[in-house]
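Structure provided below as structure tokens; questions to follow.
Note that the chains take the letters A, B, C, D, E and F in the order they are written out, and that residue 1 is the start of every chain.
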Amino acid sequence: MSTSCRLADLDSRTFERRLRSNPLVCVPVGALEAHGPHLPLGADQIQAEATAVALAERIGGLVAPTIPYGSAPSARRFPGTVSLSLSQLEAYTEGVLSELARSGVRRFLILSGHGERGHMAALREAASHVMGAHPDVRMVVLCDYEFVYELRGKESPATDGHAGLLETSRVLAIAPETVGAERPSVEHHRSPFLPGPPTEYEWPESVIGDTRPASAELGRRVQEHVLTRLEETVRALLPA
Amino acid sequence: MSTSCRLADLDSRTFERRLRSNPLVCVPVGALEAHGPHLPLGADQIQAEATAVALAERIGGLVAPTIPYGSAPSARRFPGTVSLSLSQLEAYTEGVLSELARSGVRRFLILSGHGERGHMAALREAASHVMGAHPDVRMVVLCDYEFVYELRGKESPATDGHAGLLETSRVLAIAPETVGAERPSVEHHRSPFLPGPPTEYEWPESVIGDTRPASAELGRRVQEHVLTRLEETVRALLPA
Amino acid sequence: MSTSCRLADLDSRTFERRLRSNPLVCVPVGALEAHGPHLPLGADQIQAEATAVALAERIGGLVAPTIPYGSAPSARRFPGTVSLSLSQLEAYTEGVLSELARSGVRRFLILSGHGERGHMAALREAASHVMGAHPDVRMVVLCDYEFVYELRGKESPATDGHAGLLETSRVLAIAPETVGAERPSVEHHRSPFLPGPPTEYEWPESVIGDTRPASAELGRRVQEHVLTRLEETVRALLPA
Amino acid sequence: MSTSCRLADLDSRTFERRLRSNPLVCVPVGALEAHGPHLPLGADQIQAEATAVALAERIGGLVAPTIPYGSAPSARRFPGTVSLSLSQLEAYTEGVLSELARSGVRRFLILSGHGERGHMAALREAASHVMGAHPDVRMVVLCDYEFVYELRGKESPATDGHAGLLETSRVLAIAPETVGAERPSVEHHRSPFLPGPPTEYEWPESVIGDTRPASAELGRRVQEHVLTRLEETVRALLPA
Amino acid sequence: MSTSCRLADLDSRTFERRLRSNPLVCVPVGALEAHGPHLPLGADQIQAEATAVALAERIGGLVAPTIPYGSAPSARRFPGTVSLSLSQLEAYTEGVLSELARSGVRRFLILSGHGERGHMAALREAASHVMGAHPDVRMVVLCDYEFVYELRGKESPATDGHAGLLETSRVLAIAPETVGAERPSVEHHRSPFLPGPPTEYEWPESVIGDTRPASAELGRRVQEHVLTRLEETVRALLPA
Amino acid sequence: MSTSCRLADLDSRTFERRLRSNPLVCVPVGALEAHGPHLPLGADQIQAEATAVALAERIGGLVAPTIPYGSAPSARRFPGTVSLSLSQLEAYTEGVLSELARSGVRRFLILSGHGERGHMAALREAASHVMGAHPDVRMVVLCDYEFVYELRGKESPATDGHAGLLETSRVLAIAPETVGAERPSVEHHRSPFLPGPPTEYEWPESVIGDTRPASAELGRRVQEHVLTRLEETVRALLPA
């Protein structure tokens, strides 16, 4: 009988047994999205999945397969970005959550490594629909960057952002083999009120911030902070 | 600059460069689906992904993140099975393929580890729509079990099937740590003409076949056959 | 009071009475699709409808109006082929089955004269959804070519297919006035792994097989086999 | 080479040739709907199809397979009525018209035997979308009861309606074998401003009018009027 | 505590209290649509809203915010016309009605100032779906021009229509500041059987009729007639 | 010729002429949503519309009819709240924007008085789709509370929110007749990570903040700030 926390590694009966001892299932969600010349396209997926596994090691529960593609219009101009429509993301996620609920899951952490507004709205909408059909299900939907960015102004400049100092450091801590040698420093001049992707002038590279001081050391502090905050959040909002 | 074949591990510029040298991208597709008391729920995802990576090592090309959930109505009665509607699967897949095509991908291998008819039909429909919008894109859509089952009557009884001798052996070869100790032997009495999941009488366990003779040795022969046939197929149908 | 087996010929009250004496309704499904230079575009509709009526004469039950258009991407290149999207076919069929179930029908035979994978998957998906909403409804979904092709290797070469020897003979037996004088012999070189329609080189004419030996005599044997197998199937799977 | 006017009876090449000599295709549309204790559920389909064939005999052109199920909420309370949602009907019809346009059809008569407002609106919407995509296509969408009811106040009381004197007579002329012996006389008290089906009090039987004077003789006059008006309409609105 | 009849002006608790004393809510629906060179694009919204408020003053009840955009294909050629698809209008309206029903509304008057067939069909379809889910809800769906046109042949020529004598007069009575100085006289030659917008030849200006005799005086008579008929209709069909 | 800035008040030709002199159209968007015991359900619609008109008086341009219903899940528990699904809101908005763009509008300000994340995401998605189809169209999508809340910590406590001090003051300035006598003071304890509406414990009343110091005087300062910031934003982002 597998002791893996990954739902995909468990057989059907073991899944059922594990669910009885801990009703929590974390569904990581990523996006395939340009993250500068130095971070991998799958950075969001990599971070969300690693964080979900680390959390399961702390508090138990299972990690479902990651939903790997999301909505990422801001970086759509850069090669390799896949940006789904909100309805495509919502429908797929709703199917997944609804089937897991049918299979007996009653506590969900939908943990996205990507935090664009539309992307998060689609995940929340899917979660709401499934909760409407299953009144005894509880769900938390969040992007782990909600916690990462609590460190802005402390561990980074206040203007740090996408693929910036904190994220570069975190990926260095989690998956150093995917990080390239460049350390870009980029400003972002796109108004948040304009829909659609920025122009080349507004955002020359898919980075916000100065990544030069990035280090695995800082990344480990960031990740420890994220895990602490996640643990608190899950214990408070998803009691068994 | 990463030498990984996984698209998620590459930065945006490296992706663009790699695409110019080899235009092939493989999109593995799985399903989260009961596979008896001995194989993992993610067996289809695990096999498709491992096969895609092994193929990329042989012929180059990139492996996109796996679409992990699919349509699996036959095993829906068993805990842990997630079975999406065809429209949910089709819309998500169409979004992914369409965005990859927009990003410059011109040769797609959609490689599913799961082969139910509706699931494959949804993938083919998504592929057709994207090809309709991109006349210069070529796509191959197949389930690797098309090749595995060429060995039925040779390496296994002719009646071997889902989570049976060949599949158990193949997972033993690819991901032995996920395989449990039981070796079920199960018959399947569900008419193919009945939609919806079988009853407990018709299919008491989510297995078709006698898995007792399974071995990693046999699994390696199966996998070698699959890779040989896949390589032939891609070379013939997806010329650069 | 009409004795017709066609639901469309019965008034509302007679329909209700007939349903009480035999709960079976057959819904034929066709496709408008090129069938070579010699068979009619409506061949699938013609065969399904004639077979449904002949079956009703044997075992009773009613025949609903035929759903005449389906999904037929393979022959889409040939004039006169109508190929709907899977979602268009599924939604319409689901509406029809759902309304018939609301009207009291509890045993459905969805009998398609067309058997492409996506087409059948859409019919099965529609049937599954309606069964999900009506737990006491039973449905069989099949293409009569499942039974016709049991005769391949016996009454025809093993490679016979669409608009080939068996189909030409069957239409000669059922609707000879619609069959033209040509008897094409055509090979099909399209990989089943490529979505979308074949090229002219891969499939020069919408026929698979050598139709020269076709005869109404053979067609009658084919049709007798189909009816026998259908009767068995319905008696076994759709008990009153 | 078939001389049938039915598109389903023609092979692909003959279809192409016939289209060149006369670009008109009529698509009959029906509904499966209760028509009192004396007329068949398929009355709308039967009349539309017979009228389309008779028109084709007068002015040439082809008759496509009938779309047999429509939207019929008013009679939904009576057994055997199938009432699709507007979106189900619209999507299917749009698929059919769009594919016929792709195959080269440039003049469409969508001839419905059923005339409820939502049903006609769905057909018009489908037609509009296809015309939007094919600027050289012309379409006429009408219910033949637009012409039948021009005779109200002349050949029938002004209040005659669904399954009433004119319709009973017309079906007696077209398909007498489907007409039962009863001749109901029914009033309809449902406000046109209430959506959904009438109550039993508002409409005790799915008939509007007094059918006792019905005769095949009257039916032939009705049908002659319909054909004359249809011919005029098509010649004026769908010039080759 | 507001005494306004407009739902939007009431706070949540006052709304609840007012609903208990009178369960009727009127939802006005408009269209943004060209109405000749003299009437405003919002004429339908303006009339429906003013009529709903005047009715509420007579019989109580609340007026919900107006749904301002609808389906208006006939006038689509004229600048400023917004014509939604039927499914866009239906989905939005269904959402609004369904939420109001959830909030406790049990009597609905959906009062459209625009009467095109598809537009009304979409409103009726939305209403039917919501009534299907709420068996104790009653709804009336109508266009006030059903009543205005009862005066054709009396207060206007029988051929008067869109933006014609009656409508011009009515807007002069209701919102004179929006009416320009021109008084067009226009004939309409578009067959009702052609989907899509008329050509310039068929309808040179978005008016049907001779508006020269228009007067606020006539408009007041029209409006009084509409209100009388509406009051009768609501009292008869939507009893508390 | 009307000098109104409201698009609904203009005739078709005047609309065209006005668009040539100033290409900007503002589309206000509201929500029907509980705003405590003192503010009206239509507060968001009222503020957005008044602000759009005031802006047009400063910089010209037209104000389209307000889209009055939106997505408001947080306050869904309170009577009178209408919360549409994201897809219902997105589809309707996309239809409106797309038709206005077809009519020649090239500069859009979508000005929402409601700012929930999903609601804004649906508006942005609709805008993105229309911009994808009209490359020469520019759009700004924003909630005026982006600017109102710039005054938190200055004109109000930092924790002020929905229906709180700033909003109460602003409605007192804009539409005092709709404001009731109560001045609630409410805390909100709902985690932003929980989808769906708060419980009664988490949010006893649909207010966030202490409204007791509210005044029309403060409201006028707030509104002046909003208009100044809006004018800047439109001049910078939507140059003619």
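In this section, a residue touches a chain if its C-beta (ideal position, glycine included) is under 8 Å from a C-beta of that chain, and two chains touch if they have at least 3 such contacts.
Bear in mind that the values here come from a model prediction, so they are computed numbers and not experimental data.
The set of chains in contact with chain B as well as chain D comprises C. For the pairs D-E and C-D, the larger set of C-beta contacts lies at C-D. Most remote from chain A, judged by the distance between CA-atom centroids, is D.
The distance from the centre of chain B to the centre of chain F, with each centre set as the mean of the Cα atoms, comes to 48 Å. Rounded to a whole number, the gap between the C-alpha centres of chain A and chain F is 30 angstrom. The distance from the centre of chain A to the centre of chain B, each centre being the mean of the chain's C-alpha atoms, comes to 25 Å. One inter-chain figure worth recording: chain B and chain E are separated by 55 Å, centre to centre, where each centre is the mean of the chain's CA atoms.
Along chain B, residues 85, 87 each make contact with two or more other chains.
The touch graph of the protein chains shown is a ring with every node of degree two. The cyclic arrangement of chains, taken from chain A and going next to chain B, is A, B, C, D, E, F.
Across the complex, chain B is touched by residues 1-2, 4, 6-16, 19, 30, 32, 34-42, 45-46, 64-69, 78-85, 87-89, 91-92, 94-96, 99-100, 103-104, 177-178, 180, 206 of chain A. Of all residues in chain F, those touching chain A in their complex are 73, 85-87, 90, 117-118, 120-122, 124-125, 127-128, 131-132, 139-142, 146, 191, 193-196, 233, 236-237.
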